[in-house]
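Per-chain numbering from 1; labels A, B, C, D, E and F assigned in written order.
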Amino acid sequence: MATLGFVEYDDAGPEVRAVYDDIMLTRNTDWINNFWKALAHDPATLKRTWQSVKGGLAPGGLDAVTKEMLYLAVSASNQCAYCIASHTAAARKAGMSDAMLSELMAVVGMANESNRLASGYQVEIDEAFKPR
Amino acid sequence: MATLGFVEYDDAGPEVRAVYDDIMLTRNTDWINNFWKALAHDPATLKRTWQSVKGGLAPGGLDAVTKEMLYLAVSASNQCAYCIASHTAAARKAGMSDAMLSELMAVVGMANESNRLASGYQVEIDEAFKPR
Amino acid sequence: MATLGFVEYDDAGPEVRAVYDDIMLTRNTDWINNFWKALAHDPATLKRTWQSVKGGLAPGGLDAVTKEMLYLAVSASNQCAYCIASHTAAARKAGMSDAMLSELMAVVGMANESNRLASGYQVEIDEAFKPR
Amino acid sequence: MATLGFVEYDDAGPEVRAVYDDIMLTRNTDWINNFWKALAHDPATLKRTWQSVKGGLAPGGLDAVTKEMLYLAVSASNQCAYCIASHTAAARKAGMSDAMLSELMAVVGMANESNRLASGYQVEIDEAFKPR
Amino acid sequence: MATLGFVEYDDAGPEVRAVYDDIMLTRNTDWINNFWKALAHDPATLKRTWQSVKGGLAPGGLDAVTKEMLYLAVSASNQCAYCIASHTAAARKAGMSDAMLSELMAVVGMANESNRLASGYQVEIDEAFKPR
Amino acid sequence: MATLGFVEYDDAGPEVRAVYDDIMLTRNTDWINNFWKALAHDPATLKRTWQSVKGGLAPGGLDAVTKEMLYLAVSASNQCAYCIASHTAAARKAGMSDAMLSELMAVVGMANESNRLASGYQVEIDEAFKPR
C-alpha cells in the first residue's frame, strides 16, 4: 500500500533496476523494502534519495551503527512509523543491542522534554554557547 | 531573559543550591547555564529534570559523546535554538570533532527528508520490519 | 472510528445538516467524509472549520489545484495520515497528476532536510533576506 | 518587522478597523499587537482568524484561563516564540500564576517525552483505549 | 506489539513490579497499560519516567483534570496516536466531558493555525510581551 | 554567525568554488547566501545538498513559482526562521505576489489546524481515500 503503488523489480525499467541493484549490493540483501518501491515511480527522486542515503550513511568520522542510531533517534522524535520500524531493523543489523536501543530512546525522550522547557520558558542563549 | 527570570546561586534556597552544586560537580564546571536558572523557580521540576538528564546522559551501553550527539540530533531536528547551542557545546566537550558534527547534521537532514517521503507516499511497513 | 463517533446525516440536527449540505454542494459530491462527521458533535467548531476551509480553498490569487497541493505538502510534512489520504484525493480531483505529486513530495522532502541543516548549523539570516 | 509590514490603525480601511475595534473591545485594551497588524494586509484572513480565535477562546465548558493555558501549552510544544510570548501574557492576564505556569510547563515537557517513548518503542494501543 | 515486546507482571523482576504496583495504586486500577510494559525492559527509564509522570500529574496549583487536558492537548498537537488514545481516556476519568473535549480540540487547532501564521509572516515580538 | 563559521569564496577550495559558481550561475546572482557558506565546511554535504535542491526546484511538471511556494509552505509550517526568510525572497523572485503569499499562509494555517483536529479526534481514514 502506497499512494502510487509499488514498482517491483520485474516491472522496473533499467534506471530503477540499477538503483535497486546498488541498494541490494550495498546492504548485502536480496530484497528491496517498500520505501524504495514507493519512490520508484519518480526515478529521479529515487536515484537522488538513494545516493544521498548511501553517501550519508557510509562510515566516515562516525561509524555505521552511530549513524543508524542518529537516524533512528530523529525518526522516533518525528514519530514516523515507517522509519522507526525500518531503522530499528537497520540499526540492529549494524550492531545496536537492546540496551543501546533503550538508552537511545531515553535520550530522545529527555531531549524532547528539555527542548520544550527551554523554549517554553523563553530561555536566552548563554554567551558561552553562542557560535562564532 | 526568561519568562520568570533567573535564580542566581546567591539568591537560591538550599534545595536549588544542592542541584546547582551537583550540576557543577558532575560537569566539572564552575557555572550554571541559563536553562537551569530559568527552571529553578520550580525546584521540584528543576530537581526532577536534572536527575533525569544526569541519569540519562551517564555513560552506559552508549558512551558520553554518542549520547550527546543523539541529544544534539534531536534538538537540531526539533529546531530548538537554545538546545542546539548548548548541546553543540556539550557534544564538543565530550569529544565531537567538526567532521563528526558535519556527518551528524547530514544524517539529521536525510532522516527528516526520508521521514516525509515515507509518510507522504503512505508507505506501508514491510512485514520484515514489524515488531514482534 | 473516532473519539466521539460519527454524526450521520440522518441523525444530525438542522445546524449540522446545513453544513453538510453546503459541503456536498461546494464539492459536488453526495457524501460526507469522516473528518466532518467526527467534528459534528461540536456544531460551532464544525461550522467555523468548514467556513474557514471553504473560504481558504476557494480559487483567488492561487488556483484550486495549487491550494490543494499546498495543503497536501503541509500535511505530508506534518505526517498526518488522515490528511495525507484525504488531500491526496482532493488534489487529484483538482487536477494534480502523478508527476506533479512526485515533484511535490520531492520538494517537501528537500525543504524538511534543509530546514534542519539551516537550524542545526545555527545559520544567521542574511541581511538581504530580512523583512522590512 | 514582518514579511508584509504592519497595518497601523490610522492607515487601515474600514474592514480592518472593524476587526481592530472588536479586538480592543473584546480584550478591554487600547492597542493592537503585532500579530493582527501583520495579518491585516489580507483582510479576509484577518477577519476569519479573529472570529475563530474570539469564538474559540470565549468561556464555555472551559473557563478563560484554562483555554489560554491550553493555547500556551500547544505554543510551547510547537516552540513558536511569538505565540509563547503573547499567550504567556494572555494567560497571566486571565489568572495564571507563576506556580500554574511552572506546572503547565512540566506537563508540556513530560508529554513531549512520553509521546516519543510511545512512538519510538512502537507501542500498540490498548484495546481499552480505542475509540468506539 | 512493541519493539522489545511487553514485560508482563508475572514475568517482571522486583524492581519492575514495584513500579507496576505503584502505578496501579496511584491510579486505582488493576491493570498496566502497554506503554509501561514496553518500557519495562529498561527498568531505570521505567522508574524515572513513572516518577516524573506521577509527580507531574499530581494535583498542585492545577487540578488533575486540567493537567490531563494539557497532556492531551500536547499529544493531539504532536499527533501521537498512542498518547491521544490513552490520555483521552485518562482525562475523561478525571472529569473531562465531551463538551470540554470539543473545546480543547478547538483550541489545539487554533493554536496550531496561529503559530504558523505568526512564524510564517515573521512577526516580531511586541515589546509588551517580552520577558524580563 | 553559524556553528562552524562561513566559508567565503576567496577562502574556498576548488570543490567548494565549483558549487558556489554553479549556485550563482543557476540563480543568476553574484553572491552566496549564508546557508551554503555554513555548509561548506563539509564539501560532500554541500555538493549533495545543492544538487538535490537544484534538481528538485528545476521546473518540470510544476513551474518554479509553485515549487518555491511549496518550499515556503513547508518552511512556515516547520517554523524555520532562516528558511522562511530565504524562501520568501526566492518565491517572490520567481513571481509570488503579496496576495499569493497571503493565500499561501492562509492554507498553511488551515492545514495545521485541520491536521490536529483529524488526529486529535482519532478520525479513521475513509475507504474512498485509502491508497491502492
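What we mean here is this: a contact is a pair of C-beta atoms (placed from the backbone, for glycine too) under 8 Å apart; a residue touches a chain by one contact, two chains touch by 3 or more.
Note that this is a predicted model, so its numbers are computed, not measured.
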Interface sides of chain E and chain F: same vs different residues, half threshold: same
Selected from B-E, A-C or D-E, interface repeating D-F by over half of its contact pairs: A-C
Taking each chain's C-alpha mean as its centre, the one farthest from chain F: E
Greatest separation from chain B - chain, by CA centre: C
Chain C-chain E separation of Cα centroids, rounded to whole Å: 27
Whole-Å gap between the CA centroids of chain C and chain D: 20
Contacts with 2+ other chains: residues of chain B: 1-4, 44-45, 48-49, 52, 56, 77-81, 85, 88, 99, 102-103, 105-106, 108-110, 112-117, 119-122, 130-131
Touch-based graph of the chains, sorted into line, ring, star, complete or other: complete
Residue ranges of chain A in contact with chain C within the complex: 3-4, 41-42, 44-45, 48-49, 78-80, 131
Complex contact set, residues of chain C against chain A: 79, 88, 98-99, 101-103, 105-106, 109, 122
Complex interface listing, chain A residues touching chain F: 1-5, 44-45, 48, 51-52, 55-56, 130-132
Residue ranges of chain E in contact with chain F within the complex: 76-77, 79, 81, 84-85, 88, 105, 108-110, 112-117, 119-122
Residue ranges of chain C touching chain F (in the complex, touch as defined): 1-4, 31, 33-35, 38-39, 45, 49, 52-53, 56-57, 60-62, 66-67, 69-71, 73-75, 77-78, 80-83, 85-89, 97, 99-100, 102-104, 106-126, 128-131
